[in-house]
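Labels run A, B and C following the written order; every chain starts at residue 1.
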Amino acid sequence: MKGKSLKIGIVLVSVVVFMAILSLFFTPYDPEAMDIQSRFQLPSLKHLLGTDHFGRDILSRLMSGSLVALSSAFISVTAGALLGIIIGLASALSPAWLGRIIERIVDAILAFPTILLALVFVTIAGKGLMPSATAVAVAMVPSFARLVRTMAMETKGKLYIKAARSYGAGYGRIIIFHLIPSMLSRLVTQFTSSIGSAILLESSLSFLGLGIQPPSASLGMMLSEARSYVLTYPYQAVPAGVVLLIIVLGFNLLGDGISDALSGRRAVRHG
Amino acid sequence: MPLTPVLTKAKNKDMQAMGKYAAKRLLSALAVMAIVSLVAFAVFEIIPGNAALIAAGTEGGISSIAAMESELGLDRSFFERLASYYKGLLTLDFGTSSYYGERVTTLIAQRLSVTFPLAFLSVLIAFSLSLIIGSAAAIKKGSILDAVSRSIVQLASSVPSFWLSLLLLVLFSSFLHIAEVGNYVRPSVSFSGYLKSIIIPVIVLAISELGPLLRLVRASMIRAVDEDWYRIGKVRGVSKPRLIISYAIRYALPGPFTLAGTELAKLLGGTAIVESVFALPGLGRLFLTAVEMRDIPLVEGIVIFVAFLVVVMNLLTDLLLFFLNPSLRREEGVRA
Amino acid sequence: MAELLRFESLFAEDERHTILAGLSLHVDEGEKVVIVGESGCGKTMSIGALVGLLPDDVRITSGSVVFDGHAVSGRSEDSGRIGFVPQNTSDSLHPLLKVSHTMTDPYLHHHRKESRKAALEKALHLLSSLGIEDAGRVLSLYPWQLSGGMKQRVNIASALMDDIKLLVADEPTSALDIHIRRQIEELYIALAENSGLAMLIVSHDLGFVKGIADRIYVMYAGRIVEEGTCSDIFENPVHPYTKALIALADRKAREKGKDLAEIGGTPFVLDRASAGCTFSPRCSSCSSSCIGPVCYKQISPTHFVRCVL
């Protein structure tokens, strides 16, 4: 059972990543080229996944849309994770009272609906790819900050850190050589699952018309456009949604799988 | 020794512990609220671009900007604004919406009457389903049922709610002709019409809540049935329903219950997408409009309100758990 | 006397180790039997196989356990006529259930015609008979309100609620502090003398064993190495391991409070049962003949030993 989610996750993620990278060099059609003569087509040999309301090739749009989704999620989560790690470390290493205040704020933000948080940020920064990617990054910060703080507080009390302090290692040295390595496995897990939720959040924002703007292809926006025609052309809602589900499911399974594999390895080492 | 005096004495002690605990939790909730409101204030203070400029719109002249500035209090100093902000919070006055021209509190109250039943029903359904499926899966760990429940968790937490909304929309209105979409019917007008207009949104929200809740129920139940007292109760011959309900579920419940509480609070502020797909005039749609129109007082008011809900819900679930779980009272120093 | 319980060359293993390597023992009706051995020798697992509490990853590969004419599976749902007092008594009580519920729930399930009131009265009576003065109050308490000795008594009383034929106790006195330990030991001894119950007790407290046992099994590495009556074992121990255990207990009694070296050598890791004597690596009188198969020898009508010497 354990290996299963890891395997399925790897397969799903690599299929999508492959398609996305392929779109840099090759797509069946230009994803933005309209063809009013052939709108709302169902899958055929000419258009493998059919066409949308402007006659654009859905497969091509999905491929370039996935690339946007994956790369922006990757960048957002990286930025959010870095900021979260810094905040988490700072709160763990600062005086206890300050650390607790930071912890309180982080907890309060975590208890807040993510979509609301992102929307607040969009209010401040406006619509578009950059603001929405930044909003996603901001939304990722608290969970990393909490994770890192918890782990750092656990590790801080351990003997080898105390030993390092006693022979005069500075904070920088301790963080780089002792704290970060011991946290790495859980950070990787968190990072992987965060990619899934980042993609979900980003696509929600573009579905609401607050993310990347037309005519670029984005999975959320494709669904938002499909929404207007969904009762007459139900097929329009299928492809982008399935791809989105595959990406998010893939990363979630991958995250769980990595976490299982790592905890399994730990258990064996102790046993 | 007669039983009654001993018991009343214990009851009094319990009440004392309860009061002490409630006071402690209330204080910490107030502290969190103070911090959160300060953060919210700071965030809206640093909004780039003059809020008055946004509020007056790009077409407004210099004079209307000045008028807006004084109306929003932007011509005053930082501390004056902070003071009036907190005064507003304490008197439950979040100001006036610049887009609707109505009081923020009135708007929130109106829209909450749409969102609350939606959120409550969804969490209730998700929680009940989680309890049934999660318990069964934990008791038959490794069975097909368990595998199904794990798949449900993965799918429910990965499926985009707006896509699910579209799919169910097509299914229910084009194929099954059950639901009414696009016009919200007030329950006072027609109750069956109301149910038809909220059924799909409730299903969508319930599915999205099923992921975290089911995952937690299964995990807590697995821990419960692995406890010594469960295994020993089983071999001593406690009846199966009693073993599952009073022994295992009762023990496993606090975590999922707390989660359901916070999820409810979250949902009250997080239904924007579903409300927008199904054209429901709830709090989420109100927030979207506020964001779209850059209606700062309204955005700020809703944020503070949702934060307040989250804090209060946390407090309530904690107090309820304390009341229901006698062993927590031990921490308050009551020992027989 | 009629035989009540029999383990017949029981083998059990988990993913990595053999846990029971051909365990055979029997308990007659009304007989008080004690299993002695170091921790980890399989004592708790053999009890688990009897009452149905084997961990999920442990499986029985061969052999059988027969209680009162019926085979026991090792994971039975309901061990009805066996009363069981677990080793860790604080984890065995549900933290959210009052003592009254813990005690009466199984009883009421077995005796559907009985009223709750009758069950409570029986519980009250049992607790009082175990030396609890305010039994009524104890019934209305939660486990965390009880002291260690009280929890132990509640567990014994719970085991006695049904009409049992055999009382099984796993290390009944090990987790208690010294003066409560004496009380509980006396309780068991009184129970042994006054009731006709058969008892199977696992213990490594030889002082207690001497006071209660009719017969003793010495267990090492998942099988019995010596069995005999109380006097067989204490006055005429044959197996080097038994001798070492007794010598150790005597030293402990003399030099109270001091931490003494245990029996020399590292405790066994039982990978796959080997043919020879499993104690030989630690045995001071080991010879080349210890590598070959060891049979179970009879020394007197009641005294058996698994040693080539």
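Quick note on the criterion: a contact is a pair of C-beta atoms (placed from the backbone, for glycine too) under 8 Å apart; a residue touches a chain by one contact, two chains touch by 3 or more.
Quantities reported herein were computed from a predicted structural model and do not represent experimental measurements.
Enquirer: Among the chains here, which has the CA centroid at the largest distance from subunit A's centroid?
Expert: Relative to subunit A, the chain whose C-alpha centre sits farthest away is C.
Enquirer: Taking the mean of each chain's Cα atoms, which chain ends up nearest the overall Cα mean?
Expert: Smallest offset from the overall C-alpha mean is found for B.
Enquirer: Which chain pair shows the largest tally of C-beta contacts?
Expert: More C-beta pairs are in contact between A-B than between any other chains.
Enquirer: At what distance in angstrom does the C-alpha mean of subunit C lie from that of subunit A?
Expert: So the centre of subunit A lies 55 Å away from the centre of subunit C.
Enquirer: Just give me the whole-number Å value for how far the CA centre of subunit B lies from that of subunit C.
Expert: 51
Enquirer: Between subunit A and subunit B, what distance separates the C-alpha centroids? Give it in angstrom.
Expert: Roughly 23 Å separates the two chain centres.
Enquirer: By the touch rule stated above, which residues of subunit B touch at least two different other chains?
Expert: Residue numbers touching two or more other chains: none in subunit B.
Enquirer: How about subunit B: which of its residues touch subunit A in the complex?
Expert: Checking each residue of subunit B against subunit A gives 31-32, 35-36, 39, 43, 46-48, 142, 147, 154-155, 157-163, 166-167, 169-170, 173-174, 262, 265-267, 269-270, 272-273, 276-277, 287-288, 290-291, 294, 296, 299, 302-303, 306-307, 310-311, 314.
Enquirer: Which residues of subunit C touch subunit B in their complex?
Expert: Residue list for subunit C touching subunit B: 51-53, 76-80, 84, 86, 88, 91-97, 101-102, 105-106, 108-110, 134, 136-137, 140-145, 158-159, 162.
Enquirer: Under the stated contact criterion, what part of subunit A meets subunit B in this complex?
Expert: The contact residues of subunit A facing subunit B are 1, 5, 101, 104-105, 107-109, 111-116, 119-120, 122-125, 196, 200, 203-204, 207-208, 210, 220, 223-224, 226-227, 230-231, 234, 237, 240-241, 244-245, 248-249, 252-253, 256.
Enquirer: For the complex, which residues does subunit B have touching subunit C?
Expert: It is residues 1, 3, 6-7, 227-239, 242, 246-247, 250-251, 325-327, 330, 335-336 of subunit B that touch subunit C.
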